[in-house]
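The block underneath contains the structure these notes are about, expressed in structure tokens.
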Amino acid sequence: MILEIVVLVVKILLLVAILMGGFAYTMLLERRLLGFFQLRLGPNRVGPGGMLQPIADALKMMLKEDMMPAGADSFVYRLAPVIAGFAALSVDAVIPFGAPIHLLGLTISLDIANPSIGLLLAFALSSLGVYGIVLGGWASQNKYSLLGGIRATAQIISYELAMGLSVMGVLLMSHTANLEGIVLAQKAQGWFWLPQIVPFLIFMVTAIAETNRTPFDLPEAESELVAGYHTEYSGMRFALYYVAEYINMITQSGLIVTLFFGGWLGPSFLPPIIWYFIKVIIAIFVFVWIRATLPRFRYDKLMSFGWKILLPIAFLYFVGTAAFVSGVL
Amino acid sequence: MNQYIALLIYLIVSVLVVLSMSFASEMLGPNVPGGLKKLTYESGIVPEAPVGYFSVRFYRVAMLFMIFDVAIMALYPWATTLSSLKAHGFYNGLAFFAIMAVAFVYVWRKGGFQWH
Amino acid sequence: MVGIFIIGILMLVGAVSVVVLRQPVHSALALIGVTIGLAMLYFILQAEFLAVAQVIVYAGAIMVLFLFVVTLLTAGKEEMEAEDTLPGQRWAGIITGLVVGLGLAVVIATHPPAKLSTALSGSFGGLHDLGHQLWGPYFVMLAGVALMLLTGVIGVLVLNRPETVNYKSRLDLPSGVSLVDAEQEGKK
């Protein structure tokens, strides 16, 4: 019992550390990559290759003055970034990082919890993230912020249905919503990205929208809304929105890898957990690549894109998969 | 049940981490009041009247989203059990889809997804 | 059991704050807290799917719509103290609530919960058990739900009718001239 508690504490601390470190270096990776995409160097002065840049940024953020606008609702203003950061951190608890390992007579699964409804729990927790944005935008009492918050909502109601439908094929093929079960099903049936290629692409698109990144970064469109929902935030509260965005990106990459690319599976010359992180880093690279390539959507286009294109296609592919699985076809 | 307790502990830890981060610069940073700092940013002019109302189209799409969201929630149990429900379950599903498809096509034809 | 009471008390506090708080956004936040508390109760009762559905549908969709409306209605405005149109309604409400609550408490205290005739399986409340029931013997109910959702969709479009843009009237064209004519006219 005591051993189990110790294992749990270690797992929790490790996960928080991985996510926070992952946030810092994903941000650095993105800035360097964007630099190369745009034929410049990116941040490379602090430490070798810019490796200490995130630490310098964190220190700077902490020592900035925290300013709350005069008309702001102080309780909601303080609460909003906490919700955003919490929703981002929480989802990763159900994503398995590797095959269960045997240590000291215990079988340790490499996730905090492994419930039978894991995927749905991940959706439920990440759906709370929008409150951070909407409330932050409202509490600032700034027109740009409010518009950013409203746009975040508008965005959710246009793509989240397609996201829900796009994972149905995976559930159909693996007969479970347990994320570990989904990975094991891919061990038996092969990775799902090939039979589920269309839902995979739709999930990729909606995952970008879920993380509010270009081309779906309408809530923080610089050219239209200054900085969107976090215009009035400064210091660590401002940084927390960035924490949320980048951890969301890591989480969505983890979900893509788990659902469509076999999670920790891979040739045995590397341990499973390394395979998992390699795949996640590749997914993050694709996220950055897309950001460097595509311009922003107009919001009404995003709406009709979500409802009129993504949703029907995801639905038809889902019904086709269902016909195969149930043995009708 | 045990894993939900583990999850709850993790959620509490992550709230504490985020909470302590959010108060870091309020505690550590300088606090120099004065000037026009506390005004909201409005491209350099003094903020004018508050924001007005928003287009009613948003509420329509938001309500439609709610309705279809409920329909999709009913599909998760279907998708995970279909292999044992066999053809019977599949045809039940088709009946459900038919009704929801009528709803979807109705909205589309009525211009419910239209923005201009 | 202890968890149920702690969450129950928190939910009560949240529910009272929904009514008592002056700022509508704070009320909406309290309501979100109540829905999440309800989801946690479902988790304790082993109804996993119901719990997640509660969060996704209520906290993820319905409350977002609530906030959507409330944030815009109160943007930058102090809530005004509404005039009490029905004098004494507060007291009437409190007394009615107490009577109903007491009645419920009496009924629960005098009727101990029924014993289950068959033991529940360990996975009860998960996706598989629910799927077998919902899409098997109880499909008629689900079809009824689908029809209700269809009614809801029609209701949305009736309440919030999509505007049929009348370009003609916008351009102030004489009644016999079509839009195509006007466009060609413009090109000449």
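Letters A, B and C name the chains as they come in the text, with residue numbers starting at 1 for each one.
The rule is simple: contacts are C-beta pairs under 8 Å (C-beta built on N, C-alpha and C of every residue); 3 or more make two chains touch, one makes a residue touch a chain.
Quick caveat, the model's predicted, so the values are computed rather than measured.
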Fill in: Centre-most chain [mean C-alpha coordinates]
B
Worksheet item: When the contacting C-beta pairs are counted for A-B and for A-C, which pair yields the higher total?
Response: A-B
Discussion item. Nearest whole angstrom, what separates the Cα centre of subunit B from the Cα centre of subunit C?
Written reply: 13
Discussion item. Suppose each chain is reduced to the average of its Cα coordinates; what separation in Å results between subunit A and subunit B?
Written reply: 14
Item to complete: Mind checking the centre-to-centre distance between subunit A and subunit C? Centres are C-alpha means, answer in whole Å.
Response: 27
Worksheet item: Residue numbers in subunit B touching 2 or more other chains?
Response: 4, 50-51, 54, 58, 62, 64-65, 68-69, 76, 80-82, 85, 89, 93, 116
Practice prompt. Please set out, as single numbers or ranges, the residues of subunit A touching at least two other chains.
Written response: 71, 115, 120, 141, 146, 150, 153, 156-157, 160, 176-177
Worksheet entry | Overlap residues in subunit C, where contacts from two or more other chains coincide | 49, 53, 56, 60-61, 64, 68, 72, 75-76, 127
Worksheet item: What part of subunit B is in contact with subunit A in the complex they form?
Response: 3-4, 6-7, 9-11, 13-15, 17-19, 21-26, 28-32, 37-43, 47, 50-51, 54, 58, 61-62, 64-65, 68-69, 72, 75-76, 79-83, 85-87, 89-91, 93-94, 97, 104, 108, 113, 115-116
Worksheet item: In their shared complex, at which residues does subunit C touch subunit A?
Response: 23, 25-26, 29, 32, 39, 48-49, 52-53, 55-56, 59-61, 64, 67-68, 71-72, 75-76, 123, 126-127
Worksheet item: What part of subunit A is in contact with subunit B in the complex they form?
Response: 8, 12, 15-16, 20, 61-71, 78, 81-82, 85-86, 89-90, 93-94, 112-115, 120, 140-147, 150, 153-154, 156-158, 160-161, 164-165, 168, 171-172, 175-177, 226, 231-232, 234-237, 239-240, 243, 300, 303-304, 307-308, 311-312, 315, 318-319, 322-323, 325-328
Fill in: Touch list for subunit A against partner subunit C, complex
71, 73, 75-76, 79, 115-117, 120-121, 123-125, 127-128, 130-131, 134-135, 137-138, 141, 146, 149-150, 153, 156-157, 160, 176-177
Discussion item. For a test of understanding, state which residues of subunit C touch subunit B in their complex under the given definition.
Written reply: 43, 46, 49, 53, 56-57, 60-62, 64-65, 68-69, 72-73, 75-77, 127-128, 130-132, 134-136, 139, 142-143, 145-147, 149-150, 152-154, 156-157, 160, 162, 164-165
